[in-house]
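Please go over the structures that come below.
Next, two complexes with chain A in common: one pairs it with chain B, the other with chain C.
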Partner chain A sequence: MSTTDLDTKTETSRDLWRQRLGRWDLKASPYLYIAPFFIVFALFGIFPIIYTAVISMMDWDTIRNSGEFIGFGNFDFVLHDRKFWLALRNTFSIFLLSSIPQLLMSTFIAAMLDHHLRARTFWRMGVLVPYVVMPVAVGIIFSKLFADESGVFNQWLGMIGIDPIGWHKEVLPSHFAIATMVNFRWTGYNALILLAAMQAIPRDLYEAAAIDGAGRLRRFISVTIPQIRPTMIFVIITATIGGLQIFDEPRMFDNTGSGGADQQWLTITMYMYNTGWGQLNFGRASAIAWLLFLIIVIFSLINLWITRRFIKTDKTGGI
Partner chain B sequence: MALRRTSVISLSRPTWFVYAALGVVLIASLFPLYYTFLIGSGDASTVTDQNLSWIPAGNFLSNAASVISNPAVNFWKALGNSIIVSTTVGLSTVILSTIAGFAFAKLNFKGNKVLLTSVIATMVVPVQLGVVPLYILMNEFGWTGSLGAVIVPALVTAFGVFWMTQYLQQSLPTELIEAARVDGCNMLRTFWHVGVPAARPAAAMLFLFTFVTAWNNFMWPLIILDQSNPTLPLALSLLQANFFVDYSLVLAGVMLATIPLLLLFIFAGRQLVSGIMAGAVKG
Partner chain C sequence: MTFSRRKTALGLSAGVAILALTVAGCSSSDDPEPSTSATGGAMESTSPDANAEPVTLTLATFNTPGYNSIEQPDANYEYDLIQEYMDANPNVTITYDRKAESGDARTNFFAKLGPGGLADVEMVEVDWMPEVMQYSDLLADLTDPSLDGRWLDSKVADATDQDGRLIGAGTDVGPQAVCYRSSLFEEAGLASDPDGVADLLDGDWANFFDVGQKYFDATGKAFFDSTGGIWQGMINQIDPAYEDADSGDIIALDNPEVKAAYDQLTVASKDQSTHLGQWSEDWFAGMQNDAFAVMLCPPWMLGVISGSAADATDWNIANVYPNGGGNWGGSWLTVPANGANVDEAKKLADWLTAPEQQAKAFANAGTYPSQPAAYEDPLVASASNAFFNDAATGTIFADRAQAVLPSPYKGTYYFQVNTAITDALTRVDDGTDAPDASWDKAVTDINNIG
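Let's turn to the complex of A and B:
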């Protein structure tokens, strides 16, 4: 500090000022640049998370806009509420019905797109069209396609001699219908992600396999799949985080948004919304939010564990 | 032998099966939209018609007109609001993410790593975790029912910062920044003349994705806005709740609300495709 002061003493005061400004610029700028994000994040990210934890322990009065501490009462109630467990079951069921077929379909579509196609961009854009349709719109459209009495899908089933299915009345069919909406919107999107991974595979791997006498299917199973595995896991993880939060599609599946007469397709987020803004019970809604967060964290950790295992086998296995 | 002539091109030459399969996928992608137009072109009885004709009747415009003119739906207001919200959120996310990404990717400062890790960690936190206190907060601010309540919490996202950091780390040579500094540029000018041009392709993609996400966002507007000042998804849900007796109107409204993003897709679909594929390689 004192040496720099001595150095700069000989210079004019204007240069000194510029030098100081320069040093300050170098040191402070980075913090200045990241500040907007962290301010927004602190106010609308961190504060709400902490405050949710506080409210989840309170009996919140929406009129006085304040609460009374009641400990774990809200968690106790939610964990003993039949609706919570039904919502958990439905959320998992819809998630499984959407993620697994979606991954298979996406991989298949990506494999189809991974050719020297004529009008390449046209096909790639074509599979992405559903992505720009609002989930709310998708929910309304499919609720009619899957209408119990006279929906198009039941009409088609009738043509091949199958009795109409109660897509809204029954548990599993309603999950299937909602999973179809999710698949509709995301299959093409994920196919493009997997396509990018496929195109990054060195082409000589395929040539080598072909020279060894591997056919199309064999090349796909032995070269393509192992090479795109990390990307597949990435797709699974994003699908998990999004899938467990599902709200728009099941809410629009009928015109009440209640999740069915017997909570056939009530999801955790719907349960939270209905508790918070239907019954105006913010304490319980906060407890549900924290339980959902916990479930997502547990699932992410399981995913991470699986990912690590896969990557390990990849390295030791080698090609 | 034929195998000796096997080349990359011949291995990936598409068969008729490839085109047939992609054709089926394309039809499945477009079918729900066609169905929407079909029902939206009919009348109240079309949706339950057992012998549904696959050729649209001519009522789409009149159905659309009655949706638009219905005061309970507030269509123009919803459309305007959606455009305002998505554009503002898109622009601010791009600007703030680019600035923060520039700092994280290229500037040395204390706590860089820790702060960046905390940004990434926040990406797994579900929005649901914050909505109750956010609602209470907005109530305190007196913002309930106003667009500000939808825009301000979404001004910048952790994903955006992460995305721009990743991109700038790879595509902006540190020497360029040093050169600009040596030439006497201050940090802001360096950012403007070196950082921004390098960030442009990634920024365009981030804008598109943020725009689409904001456009589709439903739960938070449902909580914080009301019928008098809705966004499009909220208007659609009100349309379904109030007009479920006549689904030709509901689906005409759905079609109307879908058209803006379909138009955007025609112009920017190419960028969306390459954005998704570029993100995948890095991710």
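Let's turn to the complex of A and C:
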């Protein structure tokens, strides 16, 4: 009797344990599965961010690995440096010049690819080819094309009687040239993402619209665009993050990588790199990194706000 | 940017480096006389047994120092210095790592100088030598009586720190001559043979710009290649230029010579400069398409010109340089003090920078020796350049090298101040700003340094 009693007891406690384990498994497992990502992120993401914050408060000598605490001195310097503000201007200007045309073009290309074309896969893969080219290679090729005197673009302009443009001298032309490199590389990539979204749109929506008498353009504006909005937002946000960190293309735009004698195309990341690796002033470079981080956070919040508004007005469905 | 090297706690890596340095320092600089022989002091600190032990040395360079064919597979070097050293020292294996550009090497150098991980022998270029000198205590002292008189005085001075430690073994130098287009000179009605041009340009910068003005008046075309190139030549003759050697303070704005040179150049460059950026696409193209008639050229520039202007047949070299001598470029081999094989590394650096080897490197890649004894070497002395109409480069550059004075003091801020001023010159070139307005921006930038 006592043994059976004991058995039931262990049985129930084992059951209980199993139940608990099962419940724990149910609750904890998902966290466990995503833990590796967050552990890696903590090591390679959070730690550097905090470390950078510490260094940004110091007059840091990276070679001797030592520094002196100076509070917000580095931030104070950067915020009073005219080059910082010029870099901010350039970054936003290049960002706008690249993302807006890029988005319009990639939507258009995606819409074209969404039609029944011969050799569909060929065309679809074709738009991705520029993306395969390394940004640095794109930079080198385009800076030759945009060379002020021997460049092809200025020669073409000369043929139609337009004076050569100072791609490496004036502010806006230099931004335009750099934005062209970005667009060259990213338009096709974004077009493919938007195409995927377009393919997921139920065809009966188009049929219904067609029956109602909607023309091609009307169907595109009233069916396609609202349906691909969530994907569009994804594309916009990645373009924002990438655009604010633009480095390779402006860096390769001339041979010195200094962003122009009058800081015509100096971007924030170049300013940071040149302060860090050029002047070996890593305290100040860390302060710039943090300022860039804050700018991206603010910009992302603005994006989020716009996103939410976007989705509210989208009655056909959202994320 | 005051680096507080003594103020706060040193990191672990720096501590280790200093420890290694103390050890290295004991064996070389502190007891100079007794432990030396013809082969170098480094020899003595290794025991005879250690000599036979196999050692793997890493050698890191950039561009084309002329040591081994991997630098330029197409060029097919006549001499393989790396192999030669390994043959003579069977216990040594050399891993040769060459970076494409000096900038890559610089980034790598400063990233690893503190924590360790540099090659046993690291090449350093003249442009970033002032920055390296700040950390001279992290590099092994190469001072050795057997090395006395091996290099040009200026080469040794630039690599010796305030404590008298020599931290770099000089490889090449860039004594400048004037490269010119004889047909363009002829067109302008000027003397066009090398001796005639040398006579014409013999004098100060004012004379150089006078000739330039004559050229412009006759042809309506630009005389020199770039404002930046000429500035480089002018500023390197002003001593002190930007910084006070004793205090390290920036004096660029108080130095009337700097502003005078800026004014002189901006006036001249209006007509005489191509207004092209050095190393820009258009500048390279200009060597062939008659964009300019002269260019200040160190020996290594010859390859750049012949590579970019293959169809121009009238390039020549005049044995002259405005206002004395000038140097552009050159490197050293350094030995990081926290390396695993400091002694063996010093021997390698010593051997590679000996006159015989540097003469071979010159034959390979045109890197002009910083060792006067190498100028007598037939490989150097009888050198000529077919592209430059058989100019006797060996003798021309030997003369030019003798004219080079020890370079002016370059401190920590040299590069930043110089960038501010060359940016100002570029703005004038580009027409972005008038000379005075552009100078004002440079003043703001320079006041912001530090």
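By our rule, the second predicted complex is superposed on the first by the 269 of 319 C-alpha atoms of A that agree within 3 Å, B and C clash if a C-alpha of one lies under 4 Å from a C-alpha of the other, contacts with A are read in each partner's own complex, and residues count from 1 in each chain.
Note that in this section contacts are C-beta pairs under 8 Å (C-beta built on N, C-alpha and C of every residue); 3 or more make two chains touch, one makes a residue touch a chain.
As the structure is a prediction and not an experimental result, all values here were calculated from the model.
When the two complexes are overlaid on chain A, chain B and chain C occupy overlapping space and clash.
Look at A:262: by the touch rule set out above, it reaches chain C but stays clear of chain B.
When the shared chain is aligned, chain B comes close enough to touch A:25, but chain C does not. After overlaying the two complexes on the shared chain, residue contacts for A:233 are found with neither chain B nor chain C. Of the two partner chains placed by the overlay, chain B and chain C both lie in contact with A:147. In the superposition on chain A, A:277 makes contact with both chain B and chain C. Applying the stated contact rule after C-alpha superposition, one finds that A:169 touches chain C and leaves chain B untouched. When the shared chain is aligned, no partner comes close enough to touch A:208: not chain B, not chain C. Chain A is touched at more residues by one of its partners, and among chain B and chain C that partner is B.
Applying the stated contact rule after C-alpha superposition, one finds that A:82 touches chain C and leaves chain B untouched. With both structures placed on the common chain, the touch criterion links A:63 to chain C but leaves chain B unconnected.
Chain A residues 65, 144, 147, 149-150, 255-256, 277 lie at the interface with chain B in one structure and with chain C in the other.
Across the interface of their complex, chain C is touched by residues 59, 61-68, 77, 81-83, 143-144, 147-151, 166, 168-169, 254-256, 258, 261-262, 277-281 of chain A.
Across the interface of their complex, chain A is touched by residues 1-5, 7-14, 107, 110, 113-115, 131, 135, 138, 276-277, 279-282, 285, 289, 415-416, 419, 422-427, 429-433, 441, 444-445, 448 of chain C. Within the complex formed with chain A, the residues of chain B that make contact are 3, 6-9, 11-14, 18-19, 21-22, 25-26, 28-30, 32-33, 35-36, 39, 47-50, 52, 96-97, 99-100, 102-104, 107-109, 112, 115, 119, 122, 124-137, 139-140, 152-153, 155-156, 158, 161, 186-188, 191, 212, 215-216, 218-219, 222-223, 232-233, 236-237, 240-241, 244, 247, 250-251, 254, 257-258, 261-262, 264-265, 269-270, 272-273, 276-281, 283. On the side of chain A, the complex with chain B involves touching residues 21-22, 25-27, 29-31, 33-34, 36-38, 40-41, 44-45, 47-49, 51-52, 55, 65, 108-109, 112-118, 121, 123-138, 140-142, 144-145, 147, 149-150, 152, 155, 184, 188-189, 192-197, 199-200, 203, 206-207, 210-211, 213, 219, 231, 234, 241, 244-245, 247-248, 251-252, 255-257, 269, 272-273, 276-277, 282, 285-286, 289-290, 292-293, 296-297, 300.
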